Amino acid sequence: MSTEATPNLAGADGAAQAAPELAETGAVVETPFKRFVSEFFESRVAMGALFTLVAIIVAAILAPLITPQDPYDLGQVDIMDGRLPPGSEAFAEYTMVLGSDGAGRDLYSAILYGLRISLAVGITSGLIAIAIGMSVGLLAAYVGGRVEAIIMRIVDLQLSFPAALVALMLVALLGKGIDKIILALVVAQWAYYARTVRGSALVERSKEYVEAAASLGLSHARIMFRHILPNCLAPLIVVGTIQTAHAIALEATLSFLGVGLPQTEPSLGVLIANGFEYMLSGKYWISVFPGLALLITIVSINLVGDQLRDVLNPRLKR
Amino acid sequence: MTEQASSSVPLIEIQGVSKRFVKRLDFAGKLARRLGAGLEEETVHAVDGVDLSIAQGEVVGLVGESGCGKSTLGRMVAGIMPPSDGAVLYKGRDIASLSGDDKLEATFAVQMIFQDPFSSLNPRMRVEDIVGEAPVVHGLVSGNGKSDYVDEILTKVGLDPALKRRYPHQFSGGQRQRIGIARALAVKPKFLVCDEAIAALDVSIQAQVINLFMDLREEFDLTYLFISHDLSVVEHISERVVIMYLGRVVEAAQAEALFAAPNHPYARALLSEVPRLDQRKRDFQPIKGEIPSPLDPPPGCHFHPRCPQAFEACSSARPMLKTIAPDRISACHLND
Amino acid sequence: MTAVDETMENPEIQRDDETAPTLVVENLKTHFFTRIGAVKAVDDVSFSVKTGEILGLAGESGSGKSITGFSILGLIDPPGRVVSGAIRFKGEDLVTATPERLQDLRGNRIAMIFQDPMMTLNPVLRIDTQMIEAIQAHRKMDKKAARQRAYDALEMTGIPSPGERLNAYPHQLSGGMRQRVAIAIAFLNEPDLIIADEPTTALDVTIQAQILHEAQALCKRTGTAMIWITHDLAVVAGLADRIAVMYAGRIVETGVTDDVIDKPLHPYSVGLLGSVPSANKRGERLNQIPGMTPNLIGLPPGCAFKARCPRASDQCDATPEVSELLPGRKIRCHHPHFEEAAQ
Amino acid sequence: MSEFMIRRFFQSAIVILAMSAIVFFGVNVVGDPVDMLINPEADQADIEATIRALGLDRPIGEQYLFFLKGIWVGDFGKSFIFGQPALQLILQRMPATMELAFAALFLSIIIGIPLGLFAGLKPESKVSKGIMASSIMGFSLPTFWVGLMMIIIFAVELGWLPSTGRGDTATFLGITSSLFTLDGLSHVCLPAFNLALLKISLVVRLTRAGTREAVHQDYIKFARAKGLSNRRIVGVHLLKNILIPVVTVIGLEFGSLIAFSVVTETIFAWPGMGKLLIESILVLDRPVIVAYLMIIVALFVFINLVVDIVYSLLDPRVRLRDQGA
Amino acid sequence: MRNVTTSVGCACAAVALMAGLATSVSAESLTIGISAEATSVDPHFHNLTPNNQIATHIFGGLVNQDSKQTMLPGLAVSWKPIDDLTWEFKLREGVKFHDGTDFNADDVVCSFTRAPDVPNSPSSFGTYTKGKTVVKVDDMTVHIKTETPYPVMVNDVSLIHIVSNEKGCSGTTEQFNNGDVTVGTGPYKFVSYTPGEKIVLTGNPDYWGDKPVFSDVTLRPIKSSPSRVAALLAGDVDMIDGVPTADLATLKKNDDLQISEGVSNRVIYLHLDHFRDDSPFVKAKDGGPIKNPLRDAKVRKAISMAISREAIAERVMEGQAIPAGQLLPDGFFGVSENLKPMEYDAKGAKALLTEAGYPDGFQLRIHGPNDRYINDAKIAEAIAQMLTRVGVQTDVETMPRSVYFKRASRGSPEGLPEFSFVLVGWGAGSGEASSPLRALLHTYDKDRGFGASNRGRYSNAEVDKLIEEALATVDDAKRQDLLAKATEIAIEDGGIIPLHYQVNAWAAKKGISYRARTDEQTRAYDVFKE
């Protein structure tokens, strides 16, 4: 049971030694964050993606200020404006740069408002799912034994059940509404996080710093949340970005299946699902623009996530 | 506890301590066995009935190869792992029976220095938090006093306090090990368990850390249990040496006596096979065989399959530790 | 001067002079080009190994000893590469050799043994697969014959019941056993040179002794030259014919084992040897080298050991050249412990 | 192994039982199937007769016990709208879904692994970056949208492939499948690709990640030091190691293929069980929903088992034991 | 690596080309992509439009409904009431079942016996056979007796398909599905039924009426509308039904296609909460409680006036709707000639609201399904827009019908209709106004089977009286007047607010045309070659 000396002294990879040695000379004082930032921006693609994402989020937040129409106010939406091609003039005398959808919503406004909802749904469900999955996964890894076995069986059961189906059932059960969609997405996702966190927490738990903390008489809660948790965040962030993107796409699919968000306050997914029926009609803009918006959003989230994965994965560190 | 009592009672006493890691069969496993799957509960006797007492101020070296249970023993002493059997006594009181302040005192008194300077420091914490967290949490120092306190400790272990805002990865292996020592010192321990504490370090840094240990011992009147596979280090630093093989103590004696004339055949083999600078172009004559799995140790004397002097009794009866000379015990049938 | 004469008369060196060296490394430079600058992992390294000779390449972590080994085999991955210098293996320059030629030599004429036996064998392939493929990669031999050869090689390393081991997966073997397999693989094609990169570091003392024993015996028997890379001077002291000490990418001292260990010339060698506990008096402070290994990026010119060296002077700001102070003893230092050695 | 099997068996039984309760009570909260079934012109008496006939007048607990009793003898109840045993309805449509899922799995492996391998071996090359970028697209767009796009492009505009439906079937080795006829293959191309899209991306990413990690492993370096050819290093040493996680994930994702087939089957009018499920949900055909979900759970349990066995075959380090804790 | 992908692509393409060559289209074959799939081939299992439309191919009733739901002689050549309680049907001579056996009165009697009593049928045909006794008079004559005068006898009889006494009457649903007993007298013979995939039929050359045009007919369910359209465009099917409104304009412009449109018997309308003073989804302007304004006839009229039916028909339905002023479109039995669609008049609506005491309007929520009627959710949204414009601030909640109908009918805690303002549709299967009047506008009366779908609980004694009288009047002219009168009163009173009649569209390849049917069925028999 004793861990014998396995000094990993002469690294085969010479550069692996470079970073710490650089630091120890005091020549460069990099906090992990600074180093993370500089490594992150090594990829121009990732940088572009991050800026796009920030721009999208800012545009979504500022939507009421930069759009000609509040697409959720039925008093401002007129079906007589329906299905106008891009560049048409609306009744209310503004230009619909991206055209309008079947109900007469200005697509540009609807896309920005829709982004708000999609991002809110994706991020909120992600955060809640992370919070739940994180605690559960951490608990499983830390306590072990029977608790872990039970938790992991539940996780397995949940994972073996396709997320789309879980969401579908729940929404069918609970009805529509943002809160319900979020709940459905949380239920569909938490297990991924639980599994991820448990995996890395198991590794962390076996590390000596946890034993050290225990021998210093620190409480279990403190060890779990202050010591182990911060070290499990990297994979969580990576899974989180990808799952968030996935949640947004999933929400679109649910809308397509008729169990998504309300018709009158369309998310991007609802816009796409609604525009779907126009795809063969030549009125491409109703589906294509929201689709592009979704694509750009998800691609940039994923590119950011990918870069995060590469930067945060110590095994790929050069 | 009076001064008098503490001088007569050993600081740490280990009484018949065993540690078993059992993989139990669950319901399904039992059923499978009933159906003839030939499953057994697997028990690893990591530590098997070890007695050891360490007096205040002593440096004890614990030597052995992989699987001999020396790290497990160290962890039990440090209170990280509870023993399956037996008791670990701190100043004559069973640690397991303590509670409240007494327990905290015992917890602080025995600290551990770990092998891996990478994994033993939390990579997401700054040095000042690594060192200062426990004292602040337990009220040894106030939150305001933390900074000064950390400075003081870092200085003692030979680190520049100016570096305390850094993270572990910004330090070299030797510096990291110093941080680990500072963390332990921060709770004012009486006893340090050093588990291969220098094994991962370069030779030149090893020397620095060994020197540090010796300096600290003088300054704080520390007691050490020095666990290592490296005999030359143990020989250098320890007053008394305990040799373990597959969970059992095979020989224990004052360092000089032991290194001069090891009694147990395993101790002899071990000592002779350590590469030494003064042995050139030697013809290595190793003992044969592999170290058996602790899952399934050989009966009788665990060493008998590899022992050049083994005879019948060795494969059946477990040799008891006997005092073969003053302050010297050995577990070998040859001594009968 | 007497010391010089003695060295001259050393029968081993005499013998070496008669045979052409198996490997000659000249002014090898291997650098890694990283985000934060170029790392001169191997910087102007020269040495040679002769047939049947064991060269101990000693140094601490980051000294470039492993990179030197990988450079010889052409196994340096980006962002690293051999920048300049020559690696002459039996007269053939490996730096300029084609990848095909290198692949042909690797595992055939030059073999390597890695540090961590737990990691070097492919966990999902059986031992026989991994041995047979090593044979078949270099010579036409049917599977049965190759297997027999693998069996023989295992037997040679002293593995009990080699037939069973052939059918095993790596995880079924102990660390020592795996290292024996790795050694057997290295010897499979009867190479002229074996580079052993800390092959016993991860092993227990008694197992290490066994491996050292086998390696020594095999080299003696086959006449294979060997470069034994290690951080543990005590290991090479008992094994190597000659020792080269590396520090910060450079070889600071080379010489016959006894000479280097008994009469080190370079202050670093002196310090290193002094740090070993057995060289000190029990219970007393060790003769430590102050400071730390320098960072290889942005290393100032001059002697890399300058900052830690008790003998350093302004002269050390200039990079010391390699000089052959005594026959067979090359050294890179402005202030060698020459006087002490000479006594 | 036997211990493992027994444990699995017990776990599966518990999982399936738990699932049956969740699903049964779950679907009973949604709407009222009678509203979906009855002709609007029917009067109250007709409605009540229907309710009685379907057993919906009894307390839900009683219905559940009755349902459990039925399961014991393999009876999942009769579909409300088809009047046939729910199990039979699903099994009837299972082959179509299975062949679609298998075709998609096949596509994701033969496309995903080579692309992922390439991207992992040459991470800096332009092609690799292209592969990775496309793989993101693969799971960025909703399946239904891509599906219709594919129909528009390949069936409507180019006219290469049929737009919807399942083609002719043939029987080979006792299996009746449309994969054995040309017409059948032409029909399966588009939906299988649509379904596989997400998985291709996943396999590409997994393979790439595995490759990038594996190439830095000592055993790969050792293989190179042995003088092995690149082909052998990549084809045997690398591939066999990265296949382990890939196979595991692919196996586990097989279930999600079946679940996602809900959407694909709807778009491509594929007569599989996914389409049946979505239609059953829309008209609240409870027995079919429950039976479907239970079959899915059983299928998952089975897939997990197969994955674990395959895993142990691929990775000799894993013995099928002690999966419990 | 690229090679692999390319070769996969090639393989697919090759398969495609070969398959393309293999399917040579027979001139006599017809493949129809249908939106709704039959759940069985058993003509007495599950009274559901998709099932009935399959049954009409294979079987057929004593009376047939033509495309305008006019009653035409089917297996009966003539019928007449011989007294208030008895109808006489004369059967067609020389008709043979597909298996060669002769058709006679025994088949009729046994079919009427089987129809209400098929095991596991979720919605039985008992609705149409209830209270009727079928008596064989001779081989070619049957009498149907009732306990009370029953004017809509012929309509009911037309919905019961006649199966063979020898086979069908003792057959199980399963035997119908696998073809064992699937023999009828209809224009098409059964070939095969693959659930979820297709139903294959072959022409019956011995059909007593006009010979079927196509020898091979395949009905393929394609539920997703864009996919159905794509299948037509790709040439995989020859014709589709349920052409989505979104694509209609484009398809009309396509020279390779031919569109058939026809108004249906389905009216889309709004129910309003007539029975609660405190209606759950009506709130005051400020969100506080309010006495239910929907009980005020002026408010109801104002709402009707505020809705531009033209805009809905044109913009939402893209022309596939006709503004409605009553329960059935012109030409159906029982419609009133006096009722016209309410003119859109936003100002008038506002004035009326002010008059009713709601100058600032109030808050309202409209509930509707999102997967039941053509563009249902969008219609609800358009109405909400329009009402919001006149001050009735309306929001929308749509849901799948599986959830919707239960809540709309009895979703409140007391088991009453849950919503205040609902969007629904009604298709008169019998083709006359008595059907919607009885179900939607008669006072809810569970025991007598009235007002079964009266989700607003509209109650008007006068209307009730007229409906009940009409249902007991066998004389057609008299009944027509009674029904029209009842409709007029109820609509004027705002019992429900009719919006529009759906117009259904079929699209077919050039050379094929479809005679659009008001009952929304798709029948190969109504497909013609040009």
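To keep things simple, chains are lettered A, B, C, D and E as they appear, and every chain counts its residues starting from 1.
Here is the rule we use: a contact is a pair of C-beta atoms (placed from the backbone, for glycine too) under 8 Å apart; a residue touches a chain by one contact, two chains touch by 3 or more.
All values reported here derive from a predicted model rather than from experimental measurement.
A.B. asks: Once the contact rule is applied, which chains count as partners of both chain B and chain D?
C.D. replies: The shared contacts of chain B and chain D, listed by label, come to A, C.
A.B. asks: Where the centre means the average of the CA atoms, what chain is farthest from chain A?
C.D. replies: Computed centres place C farthest from chain A.
A.B. asks: Pick the pair with more C-beta contacts: A-E or B-C?
C.D. replies: Counting C-beta pairs in contact, B-C comes out ahead.
A.B. asks: Just the number, please: Cα centre separation of chain A and chain C in whole Å.
C.D. replies: Centre-to-centre distance between chain A and chain C: 49 Å.
A.B. asks: Provide the C-alpha centroid distance between chain C and chain E, rounded to the nearest whole angstrom.
C.D. replies: 88
A.B. asks: Quick one: report the Å distance separating chain C from chain D, using the average Cα coordinate of each chain.
C.D. replies: 54
A.B. asks: What are the residues of chain E that contact at least two other chains?
C.D. replies: If we look for residues of chain E contacting two or more partner chains, we find 226, 230, 233, 371, 400, 402-403.
A.B. asks: What residues in chain C touch two or more of the other chains?
C.D. replies: As it turns out, chain C has residues touching two or more other chains at 60-61, 115-116, 204, 231, 292-293.
A.B. asks: Among the residues of chain D, which ones contact at least 2 other chains?
C.D. replies: In chain D, 30, 148, 152, 156, 218, 221, 266, 281-282, 324-325 touch at least two other chains.
A.B. asks: Residue numbers of chain C touching chain D in their complex, please.
C.D. replies: 73, 75, 103-108, 111-112, 114-116, 119-126, 133-134, 137-138, 169, 171-172, 182, 185
A.B. asks: Would you tell me which residues of chain A are touching chain D in their complex?
C.D. replies: The touching residues are 12-13, 45, 144-146, 148-149, 153, 156-157, 159-165, 168-169, 172-173, 245-246, 249, 252-253, 256-258, 269, 272-273, 276, 279-280, 287, 291, 294-295, 298-299, 302-303, 306, 315-316.
A.B. asks: Which residues of chain E touch chain D in the complex?
C.D. replies: 1, 4-5, 8, 12-13, 15-20, 22-23, 33, 37, 39-40, 45-48, 118-124, 126-127, 130, 173-174, 177, 194-198, 220-224, 226-228, 230-231, 233-236, 371, 400-407, 409, 426-427, 429-430, 435, 439, 446-447, 449, 452-453
A.B. asks: Touching residues of chain D toward chain E in the complex: what are they?
C.D. replies: Interface residues on chain D, with respect to chain E: 30-33, 35-47, 49-50, 53-54, 78, 80-84, 89, 92-93, 96, 107, 110-111, 114-115, 117-118, 148, 151-152, 155-156, 159-167, 182-183, 185-187, 189, 193, 266-269, 271-272, 275-276, 279, 281-284.
A.B. asks: Contact residues on chain B for chain C in the complex?
C.D. replies: 65-66, 172-175, 202-208, 210-211, 214-215, 229, 231-233, 235-237, 239, 255-256, 269-270, 273-288, 290-291
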